[in-house]
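Note that subunit A is present in both complexes that follow, paired respectively with subunit B and with subunit C.
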Partner chain A sequence: MSAFWIVLLSVCAGTVLSSVLACLPGLHVYNVMGAMVLGILALEGGTHAIPPDVYLPAMTGMIVGWSMLNTIPAVLLGTPDESAMFTVLPGQKYLMAGRGFEGTMITAVGGLAGAFFLVCVMAPLAPRYLPVSQQVLKGHMHWVLWVIITFMLMSEWPKGGNRGPAGWAKFFDAWKTLIAGLITFLLAGLLGFILLTRSPVGHEVAFQNIMPAFVGLFAIPWCLLNMISAANVPPQRTAKSLAINGDVILRSVWSGGLGGGIAAYFPIVTGGVGGMLAGHATAQRDERIFIMGQGVSKFIYYVGAFMLLFVPGLNLTRGGGAWMIKTLYTPLGWADYYLVLGSIAVASGIAFLMMEPLTKLTLKFIDRFNYRHVSTVALAIIIFMVVAVTGWIGLFIAVVATGIGLLPVLFGSRRLNCLGILLLPIACNMSGFGETITGWLRLT
Partner chain B sequence: MTENKQALPGHETQSSEMNCPSCGRFVGAVSKCPYCGAKVEKRMSLVATRWAAVLLATIGLFLLWLMAVKRDVPVVRLSDVQPTMNFAQIRVEGTVKTDARPFRTGTGMSFNFTDGTGSIIVFVSKKQMDAMTEQNLIPKAGDQVSFIGGLNVSDDQLSMRLLSVKDFRLTRAVAESVRLGDITEALKGTSVTLAGKVTRLEPPPEGSNRPYALHIRDDSGEQVVNFWQSEYEQIENPDALPGAFVRLRVSVATYQKQLQLKLGSARDLEILDGPPAAPAPVLSPAQKAAETYRKTTPPVSRDFSRGRASDAPALAPADITADRKGHTVRVRGRVTSVTPPKAGTKQPFAVMLRDGDASLRVTYWSSTDEFIADKPVPGAVFEMEGVVDVYRDRPQLMVESGYKVRQIEAAPAPAEAPAPVAVSAITAADKGQIRTVEGTLGAPRDLGKGTAYTLTDESGSLDLVLWHSTVPAEVRDALAEGQTVAATGVIGEYENQLQLKANPGESVRPLR
Partner chain C sequence: MKGFSHFMSGVAVASFGPWAIEAAQSGNPIFFVLGGACGILPDTLDFKFYRFFYHHDVYVTPDPKSPDPQYVADEIARAVAMAVDEKRYINLKLVSVRLGADFWQQYSVKFDNNKLEVLVKFGPVVNTGQVPVEGTEKRYPTVARARLKAKVIQTYDAALKVDIFDGPTVGLKPMDNGDLDLEFLPWHREWSHSLTVGAFLGLLWMAGAMLWAGLPAAGSLAGALSGWAAFKGALGVLFQHYAVAWQGFVTIAACYGVHVVEDQLGHMGSNIFFPITKLRTPGLHWMHSGDGLPNFLTVWISCLLIFWNLYRYQTGMTFHFSFLHLMMVGLVIPGLAFAALRWLLTRGEKIVVVKGDDADDEWNEMKASGA
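Here is the complex of A and B:
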């Protein structure tokens, strides 16, 4: 079989697999890819070794499929990942109004627009301009991170304290959510220092040592909350058209592309943080732009970050997918770049076409099964994944992280504060005083 | 208590606490309505969950911290390192293979380490380097070390980043006590202990980059020990050195075909109260052990070429054309020049590879250079793998991994320089011929890509040109105005003036 057909079949298989897996709430594509990496390494050197021509396009398809179809559980089942920011509230509003199908499809159109933007606009420019900008910016990343952290913490506004008599009670009411946000950021940061300096996860699977914490911070709290206070989903309607137009798409690409681009390019910054920065920068107020922009942002964040590894002359490692590929393969030259771009384009088309049937299938599923039971099954799958890859110690880390991840959900502060797990230790390390802090914590 | 308001259309099926009692909108788990600000009463379960979460987070984090602090970091053999161990914090124990070398950028240093089963490059941050300098922990070849580091495993690179200086345990290699007259090239690459009387301390000339020269003598002979300004500043009483008896530990190297003794740290220098006892010329057990160590065959490095279906095709420089842009290829050729980036710039290294009449420009970044075990030098044969690119309409090779730069054949020893001739004896008929001239250097003149000096002897003067791409920086930096040198090069002509173009390598040698 020629290389063309091998690549095409691999990208199709990867996309279809991840599209189906994306509908499972709480399961992150990087967990599945991590398990695949283990399998590829186990087969390495034997007669059944998997060549890069198979796993590179397959993994590209998996990231593309997941970044587009993960919208389904995020909107319909309320289990967003760390890149979601605004999707959940507007998405849930669509769901509660019986328009969950429309909400997911609008996000999918955003993903498709993101794919066009990435392949047709970013890809031709990246090899020429990104290596230069990387040379200029790489000495400044530490203070950029601190500025982002400062903006993230300071831009959270008080959600109470505007009624009632003046006094400590009113002050506390105003500051309750802000304090919860700050505590979340600091606790997550402390957890990050422990995991990045003396991770209790076994060294044999150290490449997944942050995974249990991420699962605990983002996936488990949502499952738990749904199990405790699940809302009944009203009957859902499907639609043959979407309430969007070219203007909405262009404005979504502008805001989402900026947010996703920031997240993909800067280290540790995730789609949620990028979306927040872009949201403030572009000041788009239309709810549809929020939802579609998130589709664009999520696509650029996950797929764009992965693509950066293959940009000739840049080879920037950003995001979990790129780090995992790097343990298997070192991209070299334009052939790999074209391979990945082609895979992205093909996978985007397939993933978008799968969006409608899988959304309808999921709607049927949640109509038939109890929302709490779905969340319970999702939680069981997540726990199984954590234990299978990182053992019981990983589960313990996930439990601790769950405690931190529940704080913003229950106190009404931003879930983005959980990203302190990476932002705080990495910013300290890049600024040169990380070791001083780990020394205070007696970790080094 | 607020009276429950009628739920809005579409929200009828929700339990009452999911909707705002004031405006009837769906509010989910929040306790204050984001639309109207009304307080939303929740059942006990959510309130309890909040405090349970706070409790879980703090107690769990404390337990995790205790676990991390009390846990022993596992000792891992380098042969057991797998790609799934990327980011792992492990302890390794073994021997330092090469002296620690600071980065050109001043951001830290690196050294190569082996535990007998494999070898790895270890990166040390600037802050850690400063702390290690202060504690005399800078690793030198042969030292035994044990430390904790963070692993970085990628497809073809394996490296570690030192986690903490506090956990860095170092046992200095046994340094043989040798008499000054017994130091030969056989000791190259080792550390030795010397003792003797300082006859002279020669500071570097004003404005030059040369090191200090400490002349010491014992019964068997005299040697010069070199060290830099930073070490000089650390010596407690440098004024007491001339005439004093000293004991010092130095590393033996060669520079410009001559033995060089380098003092790595001021802590390795001890001023004695009186004459030291002369070391026995016979080999001690420690010396024998050190001898055995020197003869040990270095372990075969691990193969990190996983994941590649096949090696990139091997081509000659003549086969590299613009049509191959984007292709990954291996090219073998003799290095004709090496141009490092100019100080303060982010330029790449540029190496010219030649095979027959064809030559190819190869470039790589400083970050890649740090991983190259044997640095390219003019005259050596190298094989390099990279991606073909086009620069100013000419094909060039961009190397992206230091592990893809391999020395195939070391640079041949330079041919015996011809006997010195007087400047006045050089005529236009000598153009293209190799000549050696002994003379005094005039003021240096910057040529952009090179430096020119006026070389004067008793019979006349001519220009000596040193191109940066062929003459190593160590050679160029050792030259200063007023110095007497022997220069070997090719006679050329520029603007009707004869000039001596210094040969590649160590072609200009200070005489006094």
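Here is the complex of A and C:
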């Protein structure tokens, strides 16, 4: 078989596989890719060794498919990962208005627009400009993280203290949410220090050690909330048109591209943080732009970060996918870059086509069963995934993380504060005093 | 302007201090963090602290069980009458109406100075995302009216719409001609938005840092008064010894100040030299504070300025560029490409962009912040 067909089939297989897997709540594509990497490493050197021509396009397809289709469980089943968190609130609003199909399809259009932006705009410019910016910024990543943390904590507004006479009672009522937010950030940071310094997860799945914590911080609280407060989901209608035009798409690419780009380029800055920053920076008021922008942002965050590894002259490792590929393969130049770009383009088209049938299938599932039961099943799948990948100790971590993840739910503070789990320890490490703190905590 | 625009402006201003970049290169982020924090601090002081201690003369608290627009109209008219009769500044609080965990009754207030009336109408029930709940739009068709004792002059078109979270405060200030000047959110940009407060906070930092640093080594200032060269030497020693103190002062005052200057481009303005000035100086009306383009341009130009400043102090660069080159590649060419693409994609279509109102956007932003 010629190399062209091998690559094409690998992309298709990877995309279809991850598109279907993306519909399972709680399962991250990096979990599956991690298992695949272990398998490829085991076969290396033998007669059945898998060549890069097969696994590079397949894994590219997997990341593309997942980044586009994980909107389905996030919006329709209410089990977001961190990068899809901002899509959930407006997405669920669409769901509760019987427009769940429309909401997910708008993010899919965003994903496709993100693919165009990445392949047609960013890709030709990246080899020329990104190495320069990397030269300028490489010594400054630590303060960028601290600045982002500062903004995240300072930009949360109080939600209480709205009635009654002026005074301390009103002040304390208002600060309940802010204090809960700060505590969430610090507790998540503490958990992060523990997991990144002395993870109780077995070394054979060490690259998954943060997964149960993420599931506990973001997905499980949402499931529990849906189970407790589940309103009945109204019958869903399939829209004939998404009522979007060139202006909406362009503005979405503008805001989502900025957010996703920040998240992809800067280490530890995740899609959720990028989305938040872009939302603040571009000040868009249109709900469709917001939802589509999140689709763009999520795509650029996952796929753009992966692409950076292959940019000639840059070869920047960002995101779990790139780190995993790096253990298998060192990109060799323009040929690999074009291979990955072509794979992204093909996979985006396939993933977009998969979006409609899989959304309809999930909506049928929701229509047929009580949403509370749907959330219970989603929770059961999540717990199964955690135990299957990381064992009982992983479940314990998920339970602890759920306790922290429930704080914002209970006090109405910002869920993004849970990202302290990565931001705080990594920022401390990058500024050079992480070890001092782990020393205080008696972790080292 | 939105909080993030102020924040990034603060970071950009901080990046002009060579000490900030030098410290960052050795792993110390303090000046950039200070820059961003002080860029957003004036709003933080108002929205997270001061407003909870602000006294109101009249609280308008509609009953959630049976919302009565006439009660609201009458109470507003009473507040106006108080301001006229007692010839003093009256603070009126329009309290929001919470109907459930996620539902709020919206109502709006309008002053008709021709008929000397205040008009109040209850609108739809909205959720916390400010989206109307279907079927509630026409629940309360009545427009309640109450007679006013004086004209209420709005210097800008602040939308007096009350819905989610906190309701607005309205200040009624008697003027010499007998009319009342309406001040939207009088607790906002009152003292916090002034250059003097920024300088004062900088001085606090400076004093703290000087105490922390202690006195310079004995003998290092000896002979400072014996001649010009010795004096300069001693001054150099002091500047060196208290570097963090004066550098922090400059960073704080400048980054805090840039917030005040930026707010002056909008409608509401700031009380620029409090306590010397007592009132807000009206803004230049160049933009609405919630408009997308000015906010984005502020953030983006700040990013480019930061990048330029980092580049200037970066050693061992293999590629060199000028400021003009950076602006062309980073701003002008992408901007033109975006405009051209937008024109191509929307030819012949009527594009309606959701615009901000004249109400202070930090207020809207605070109310809309959710996730």
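Criterion: the second predicted complex is superposed on the first by the 438 of 444 C-alpha atoms of A that agree within 3 Å, B and C clash if a C-alpha of one lies under 4 Å from a C-alpha of the other, contacts with A are read in each partner's own complex, and residues count from 1 in each chain.
Just so we're on the same page, a residue touches a chain if its C-beta (ideal position, glycine included) is under 8 Å from a C-beta of that chain, and two chains touch if they have at least 3 such contacts.
From a predicted model like this one, the values you see are computed outputs, not experimental measurements.
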{"item": "Three-chain arrangement built on subunit A, subunit B and subunit C clash or fit", "value": "clash"}
{"item": "Partner chain(s) touched by A:Arg372 [first = subunit B, second = subunit C, both, neither]", "value": "neither"}
{"item": "Partner chain in contact with A:Trp157 - subunit B first, subunit C second, else both or neither", "value": "second"}
{"item": "A:Gly432 touches, of subunit B and subunit C: first, second, both or neither?", "value": "both"}
{"item": "Partner chain in contact with A:Gln135 - subunit B first, subunit C second, else both or neither", "value": "both"}
{"item": "Subunit B versus subunit C as contact partner of A:Val399, first or second or both or neither", "value": "first"}
{"item": "Partner chain in contact with A:Lys360 - subunit B first, subunit C second, else both or neither", "value": "neither"}
{"item": "First (subunit B), second (subunit C), both or neither touched by A:Leu41", "value": "first"}
{"item": "Partner chain in contact with A:Leu410 - subunit B first, subunit C second, else both or neither", "value": "first"}
{"item": "Broader residue contact with subunit A after superposition on the shared chain, subunit B or subunit C", "value": "B"}
{"item": "Touched partner set for A:Ile194, first subunit B, second subunit C, both or neither", "value": "first"}
{"item": "Residue range of subunit C overlapping subunit B upon superposition on chain A, of 98-106, 170-178, 206-214 or 332-340", "value": "98-106"}
{"item": "Residues of subunit A that lie at the interface with subunit B and also at the interface with subunit C", "value": "93, 97, 135, 159, 162-163, 432"}
{"item": "Subunit C contact footprint on subunit A (complex, rising order)", "value": "85-86, 89-90, 93, 97, 129, 131-133, 135-137, 139-140, 142-143, 146-147, 150-151, 154-159, 161-163, 165-167, 170-171, 174-175, 178, 245-247, 249-250, 254, 276-277, 280-286, 414-416, 430-432"}
{"item": "Interface residues, subunit C side, partner subunit A - complex", "value": "2-5, 7-8, 11, 24-25, 27-29, 32-33, 36-37, 40, 44, 47-49, 52-56, 59, 61, 95-96, 127, 129, 131, 134, 165-167, 290-292, 295-296, 299-300, 307, 310-311, 314, 317-319, 321, 329, 338, 341-342, 344-346, 349, 351, 353-356, 365-366, 369-371"}
{"item": "Subunit B to subunit A touching residues, read off their complex", "value": "10-11, 13-15, 17-18, 26, 28-32, 34, 37, 45-46, 49-50, 52-58, 60-61, 63-65, 67-69, 71, 73-74, 76, 82-90, 125-128, 148, 151, 153-156, 163-164, 166-167, 306-309, 312, 325-328, 346, 386-389, 398, 400-401"}
{"item": "Touch list for subunit A against partner subunit B, complex", "value": "37-38, 41, 44, 51-53, 92-93, 96-98, 135, 159-160, 162-163, 187, 190-191, 194, 197-200, 203-209, 224-225, 228-229, 231-232, 234, 312-313, 315, 323, 326-330, 332-335, 337, 396-397, 399-400, 402-404, 406-407, 409-412, 432, 435, 438-439, 441-444"}
